[in-house]
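Right after this note come the structures.
In what follows, subunit A forms one complex with subunit B and a second complex with subunit C.
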Partner chain A sequence: MSAVTADVAKAVVKRRSHPTAHGEARFGFAMIGLSVLFVAVFTAIPILASLGLSFFSWDVISSPRYVGLKNYEQLFNDGPVLKSFGVTLGMALAIVVLQLTIGLALAVLVNQRKLVWVRTLFRTAFYLPLLASTAAVSIFMGYLFDYKFGVVNYYLGLLGIPNVPWLTSGFGAASTIVLIAVWQQVGFTFVLFVASLMSVPTDVLEAAQIDGAGALRTLFRIKIPLISPTILFAAVVALINAMQLFDQPYIMTKGGPGSATTTVTISMYQKGFQNLQFGYGSAIAILLLVAILMITGLQFLAARKLVFYQ
Partner chain B sequence: MSHSTAVLARIGRMTGILVLVIAAMVALGPLLWTVTTSLRTPAEAFSNPPHWLPLHPDFSNYSAVFDRIPIGRFFVNSVLVTGLIVIGQTITCTLSGYAFAMVSFPGRSVIFGIFLATMMVPLQTIIIPVFVIIRYLGLSDSPLSLVVSALGSAFGTFLMRQYFMQMPRELGEAARIDGAGHFQTFLMIYAKMAGPAIATLAILNFSGFWAEFYRPLIFLQSQDNFTLPLGLVGLQGNLGTGSISIVLAGVILAILPSVVLFIFAQRYFIAGITAGASR
Partner chain C sequence: MTGIHPAGGTLGRRTLLKAGAGGLSLAALADLAACSKDSGGSSKSLKMLYFGEQAQATQLQNRLQPQIAKLDSTIKFEISAINGTDWNDFLAKVLTQIAAGTPPDIISVATEGLQLMASKELAIPLDDYVTKDLSGLKEYFADIHPALVESMMYQGHLWELPDSFNAGNMFYSTELFQRAGVTPPSETWTLDDFESAATKIAKFKGINAFGWVVRLWGSWTSFMYANNANLLEEGKYDGGDWLWSKAYAGDAAAAGRKGGWKWGAPTANSEATVEALDYMIQLTKKGLSPSPDVGGGGTLQGLFASNRIGMSIGGGFWAGGLANAGMKNGSFDVTMFPKWKSQRHLFGAGGYAIFKSSKKKDLAWEVLKLLVKPDTFDLVFPGNVTTPGRKSLVSAARYSKTGPKHWSVFYDTLTKHPDTAPIPAPPYYNALATALNQRTTQAISSGNAKAALDGLQADLEKAAGAS
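For the complex of A and B:
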C-alpha cells in the first residue's frame, strides 16, 4: 500500500507545475473513484437491477424471460406472501413503539443530575446486548424461552404461572421475537436519547423549575419537544431495521409455527433463494422497499406537526 | 421547596434508580446465564434453578467446541472477512469523504446526492442482484464475496465527509503554498487529523460485519467457508439438544471480541451512533 501511495503522491506532485482547476477536478475524481466503483456495482446498479428483474421470470439456470407485471399480479394474489407483509408490519410497529418508549424512559431516568457517576455503568449494561450478533442472541434466547426447560418459564413457575408456549404458539412466537429484538436494540435508542437529553440547555430547565414545573411537566413540555428531532430519527432508523427482521425468526422458529413469524424477508428468501424464483423474489423486495419508503414518508409527515426544531 | 415535595422528589428518584437497576438486570441476565451455562457440564446444563454464579467452572466445553466443529476455521474466516472490510472501507471512505468535503470537481453534489439516496435502500432490496453479480465474478461460496461487495459504503463516505467538513481549509492552503501536492496535502495533513473519525468507522464496521448473518447465509454454501455466526447456527443444528453448554461456549467465543473492543473503545461506539443521528 505505502509504495502505491508514494507513487500516486509523486505523480500528483509532478503535476503540480500547473495547479489548475482542471488538476483539482482530476484529483477529486481519482479520490472518489474507488468508492464510486464499489457503491455503483454493489448498491446503485443492484437497485435498478432489482426493479428490472421484477419484470422477468428467472430461475438462474435458463435465461431470463420478460413477463411484464405478472410477478406483481402473482404477488397481490399470493396469500402467504401478503400475510408476511402484515406479520412484518405488526411486529415492526410493536418493536418500534417498545424500543422508543423503553429507551426514552431509561434515558430520562439515567439523565438525572445526581446519577451522572453511574451513567457509564448503565450505558454499558444496555449496550452489551447490541454487541452480540443476532445469530448468537437467537441461539441463547431459544434456550431461555424453551417451553419445558427454559429459565423464563422456570421463574414464572415460581410465581405460580403455568408454562407459556413462548416459541411454540403463533402469538407467543411473534411476541417473543418482538421482545428479544427490543431487548437487543433498546441500547441504541437509549444511547441516542441520553446524548440528546444532555444537550438540552440547563438554563431552560432551571427556568422551568423556577416557574414551578414538576418533573413530569418538564419532561413532556420541555425535554421531549426539545429532543423530538432525535426521537424522529430513532423512529425512522428503528422502523427501517424492524421491517427487515430476518435473523431471529429464521433461526428461532423458521418462520413458524405455521406462518406466524414468516416476515417479508423470510418470504423473499424462500421464493428467491430456496425456490430460485429470482424475478418473483425481486418483486417482493421492491414492494418491501416501497412499503418502507411509504411508512418513512408518513413518519416525516406526522413529524411536521410533532417535531420541534430550534 | 417544602418538606413534602422534597420527600416526594426523593421517592421519585429512588423509584427511578430501582427501575434502572431492574432494567440493567434484564439486559445482562441472559448474557450472564449464557456465560455460566457454558461453564457447566452438559448433563447439568438444563437443570433449574439456574446457577447464576459459576462455583465449579468447567472449561471443558470450550475445548469441546474446537473438537466438535471447525470453529477455529470459522474464526479465521471471520477475522479475514471483517479485517479486510475494515481496512478496505477505511481507505475508500477516507478518500471519497475527503474529496466530497474539500475538493471541487464537476458533478460533486449530484454524485454525493446519489450516495445519500443509496443509504436509504435496505440490503434486502438489493441482495438478489448482488448475489447474481457475485456469481458472475466467480466468487460464489467464497468468503471474499462478502468482502468485495462491502468495500464501498455511502454511510462511511458520509461519516468521513462530515468530519473533514469541520476541518479548517486554511491548513491545506498553507501546505499548497509551501509546495505540497493535492494528495500530499490530504495524506500528510487532513488524513492524520481524521484519526477519531477513522476509528469510529473502523469500529462500527468491525462490530457490524463480525456479527453479520444474512449475507453469509446467502453467499456461502460449504461449511469450510462459514463465518462465526453462520457456523454457530449450523453447530446448534448438528448437536441437537444434548449439549447446549458446548453451543453456548461457542456463542461466548463469538461475542467476546466485540465485547473486549467495546471495553477499550466505548467512546467510538457512542460517537458512531450519535454521528448517524446528526445528519
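For the complex of A and C:
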C-alpha cells in the first residue's frame, strides 16, 4: 500500500470511528456523571452537612446556634458516648474476624473438587440471609433468643441446659448480636472467597501437589496468599459495615442491657433524634467517620506486608 | 405565652450562608426548619398527625371527613400517620417531620410530649378558645375528670382537651388464677397479696406470674408510684384558676388543682425509688417475672393473651388489645394496682394540640371540639383501644363485648384515688425515656438497682440541665 493510500485509509477509519468514539465517550461521561451525582447527593453533601451541623447547637425546633467546637469538647468528655465507641470497636472486630474466618472456611470447603456440584446450592443458601431485611431478621431473632419464651432456650432446656441470658446480660447480648450479624453477613464474604479461590491458577496448585504439599500447606502457603487482595477487600467492607451496626442492637436490645450494646450509631440516634441534639449527634457521626477512615487506613498499611499481588 | 426560647446567640439565614460549605448545607436545614414555622399545610387542607399506621389514619380520615365538611365544606381533611414503638419514637419522628418543613395543623400528643411541645412553643394554649366557648364546653368539663384536664396544663395554660387516658391498673388471667386456686384480687389488695398470688401461679411450667415492659408508663414505675416515690420532684405550676373557677365550680375533685404538673429536680436514686426497682429485681430472681422487653408492650399482650403471663399492668387499652389478640370476654379481668405504701396509680392522657404555625387555627379549634364530642369517640378509637376520657362513655355497654368484667376500675382509679397522677414527663421527656430504659435494663441485668439509679440520677441531672 502506498503512503497516500495508507493516509486515506487512516482518514476513513478515523471518520468512521469518530461518531462511535464520541458516542461511547458521551455514554461513559454520562455514567460517570450519574455516579458522581449519586455520591455527591447521598454521601458528600450529607457528610458536609453533618460537618457543618457539628459546630452548631440545634434542637430542630429553635434556630441553630453556632457553638464552635463545643460539641466535640462535650464528646470527648462524654463517658457513655466514648464507651459506645469501645463497644462498637469490640463488636466490629469480633464480627470481622468471625465473618472472614467462617466465610473462608466455608469457601474452602465448598471449593473442594468433590463438592463442586453443591457449590451453587451453598452459594445461594449462605447468601440468602443477606437479602433478608435486617429489621425483620432482628425481630425474628429477638423472639428466638428470648430468655424465658424463646425457642433456643426451649430446646436447650430439653437437653438439660439452663436458660441462657442471650439478650439480657451484657456479654450475652453483645455475643448474640455479633453472631446474628455474622450469620447474616457471612454469605457476602463466602461468595467473594469462592469466586477468588476458583481463580487461583490450577498450574500453581498442581505444582504444589507434585512438590508434595498437603491440603493445609497448600491453603496457607498458596491459596490464602493468592486471594489476599480479596481478603483485604472483604475485611475493609466488613469492618466499615460493622462499625455502623445499628439495626440489630436497636431492635433487639435498644442498646441494652444498660449500655452493653449501645453502638456509636445508636448513641448518635439517641442524642440527635431522641434527645434533639442534632449538632452533638452530628459531631458523633463525624468522629465515627474519622474512626472508620483511620482504621481503614491502618488496614491498608498492614496490607502492604500481608497482601500479595500477582 | 409561657414557653421560653434561648433568645440570644441564634443565627440569621444570611449569616449562615456565609459560613462556608458546611454552613451552606446547614443553612438548607435551617431554612427547612424556618419553613416549618411559617407554613402549616396548604390553604385548602387541614393536616393532622396521628400516632399509628397509615391504614388506620386513612380510615379515621374517611370517618371524620363528613363531620369536618359540616364545619367547612371547602377544606380537605388529611391525616398522616407516624408509626413508632412508643411515644418517644413517635415524638422523634414528629420533630424530624417538622424539621423537614411539613408541620401539621393538629397533632396527637399524649402526656409524654405535652410539656415538650408547650415549652418549645410548637403548639398554642387553648385558654382564649376555651374561655370564649365555655358555655358550650360545660357539658364536656362536667364529664371529664379534672385530673386529666390538669395533666394537659403547663405553666397555667391549657394545651389540649383530653379525649382519652390510661391508668396503670392490673390485668390478670382469670383462667390462670382459677387453675392456681387463687381468689380474684379485690380492689384493695396489697403487695403481699400480689406476691402470694404470683408465687402460686409461677408454679406452672412455662408460665410467668407477672410480666412487664421497660418504659415510663406502667412499668416498674407503677410500683414506684405505689411506693410513694418518683423519678422527679413533684410540684405544680401556679395558675389555672381561670379554668377551675369557671368550668369546675363547686366540684370537689377540682380542689387543689393548679396550672399543671411542674417536674423538679431528679430523685431517681431516692431510697423509695431504689426500693421499687429492687422489688422488680427480686421478682425476677424469685422466678415470678421474666426479664422485661423494652418497648410498647405488644409482645407482652401476646404472651398474656396466650396465657403465658398471669398478671400485667394495663390500662383500658388492654381491653381492646386482648380482645383483638383472641382473648374471650371473661378470660381476663382487671383490678386496681396493689397497695404498697399507698395505692397511688399513674396515668397518661391523650388529646390533640393546635400547631402554632397553623393558618387555620379557628377551624382546628372547631375540630378539637368535635374530637371530644361523645359521638366522635368511637370514630376515633374503635374497639376499646383506649379508655374514654369522658366518664359517661366508660359504661357496661362499652365493655360488654370485650370485657373486662370490672371495667369500672378504669375510671374509679381517678375518682377513688385522688392522688393518682400523670407520669413524670418534663420537657426533656425524650432524654428521660432513653435514660430510664437503659438504666432499667442495666439494673435487671446486674441485679444492682442502686448503682443503676445512681446512673439514672446523673443522666437526668444532665438532661435537666441541658433542657
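A few notes on this one:
The rule is simple: the second predicted complex is superposed on the first by the 266 of 310 C-alpha atoms of A that agree within 3 Å, B and C clash if a C-alpha of one lies under 4 Å from a C-alpha of the other, contacts with A are read in each partner's own complex, and residues count from 1 in each chain.
The criterion applied here is as follows: contacts are C-beta pairs under 8 Å (C-beta built on N, C-alpha and C of every residue); 3 or more make two chains touch, one makes a residue touch a chain.
Since we're looking at a predicted model, the values are computed, not measured.
With both structures placed on the common chain, the touch criterion links A:Ala260 to subunit C but leaves subunit B unconnected.
Using the contact criterion defined above for the overlaid structures, shared-chain residue A:Thr134 touches subunit B, although it does not reach subunit C. After superposition on the shared chain, subunit A has more residues touched by B, the comparison being subunit B against subunit C.
Touch criterion not met for A:Thr101: it reaches neither subunit B nor subunit C. Of the two partner chains placed by the overlay, only subunit B lies in contact with A:Leu34; subunit C stays clear of it.
When the two structures are aligned on the shared chain, A:Phe149 is found in touch with subunit B and with subunit C.
Of the two partner chains, subunit C is the only one touched by A:Ile61; subunit B is not. Once chain A of one complex is fitted onto chain A of the other, the partner contacts of A:Ala49 extend to both subunit B and subunit C.
With both structures placed on the common chain, the touch criterion links A:Leu276 to subunit C but leaves subunit B unconnected. Residues 45-46, 49, 53, 60, 143, 149, 273 of subunit A touch subunit B in one complex and subunit C in the other.
Of all residues in subunit A, only 5, 8-9, 12-13, 15-16, 19, 21, 23-29, 31-47, 49-50, 53, 60, 102, 105-106, 109-110, 112, 114-115, 120-129, 131-136, 138-141, 143-144, 149, 151, 154, 183, 186-188, 191-192, 195-196, 215, 230, 233-234, 237, 240, 243-244, 246-247, 250-251, 264-265, 268-269, 272-273, 278, 281-282, 285-286, 288-289, 292-293, 296 touch subunit B in the complex they form. Chain contact summary for the complex, subunit B toward subunit A: residues 9, 12-13, 16-17, 19-20, 23-24, 26-28, 30-31, 33-34, 37, 46, 48-50, 91-93, 95-96, 98-100, 103-106, 108, 111, 114-115, 118, 120-133, 135, 148-154, 157, 176, 179-184, 186-187, 207, 210-214, 217-218, 228-230, 232-233, 236, 244, 247-248, 251, 254-255, 258-259, 262, 266, 269-270, 273-274, 276-277. Those residues of subunit C lying in contact with subunit A across their complex are 5-6, 9-11, 16, 19-26, 28-30, 33-34, 88, 92, 95-96, 98-99, 120, 122, 208, 290-291, 294-295, 299, 303, 308, 428, 430-431, 433-434, 437-439, 441-442, 444-446, 452, 463, 466.
Contacts from subunit A toward subunit C in the complex involve residues 45-46, 48-49, 51-53, 55-56, 58-66, 143, 147-149, 165, 168-170, 253-260, 262, 270, 273-277.
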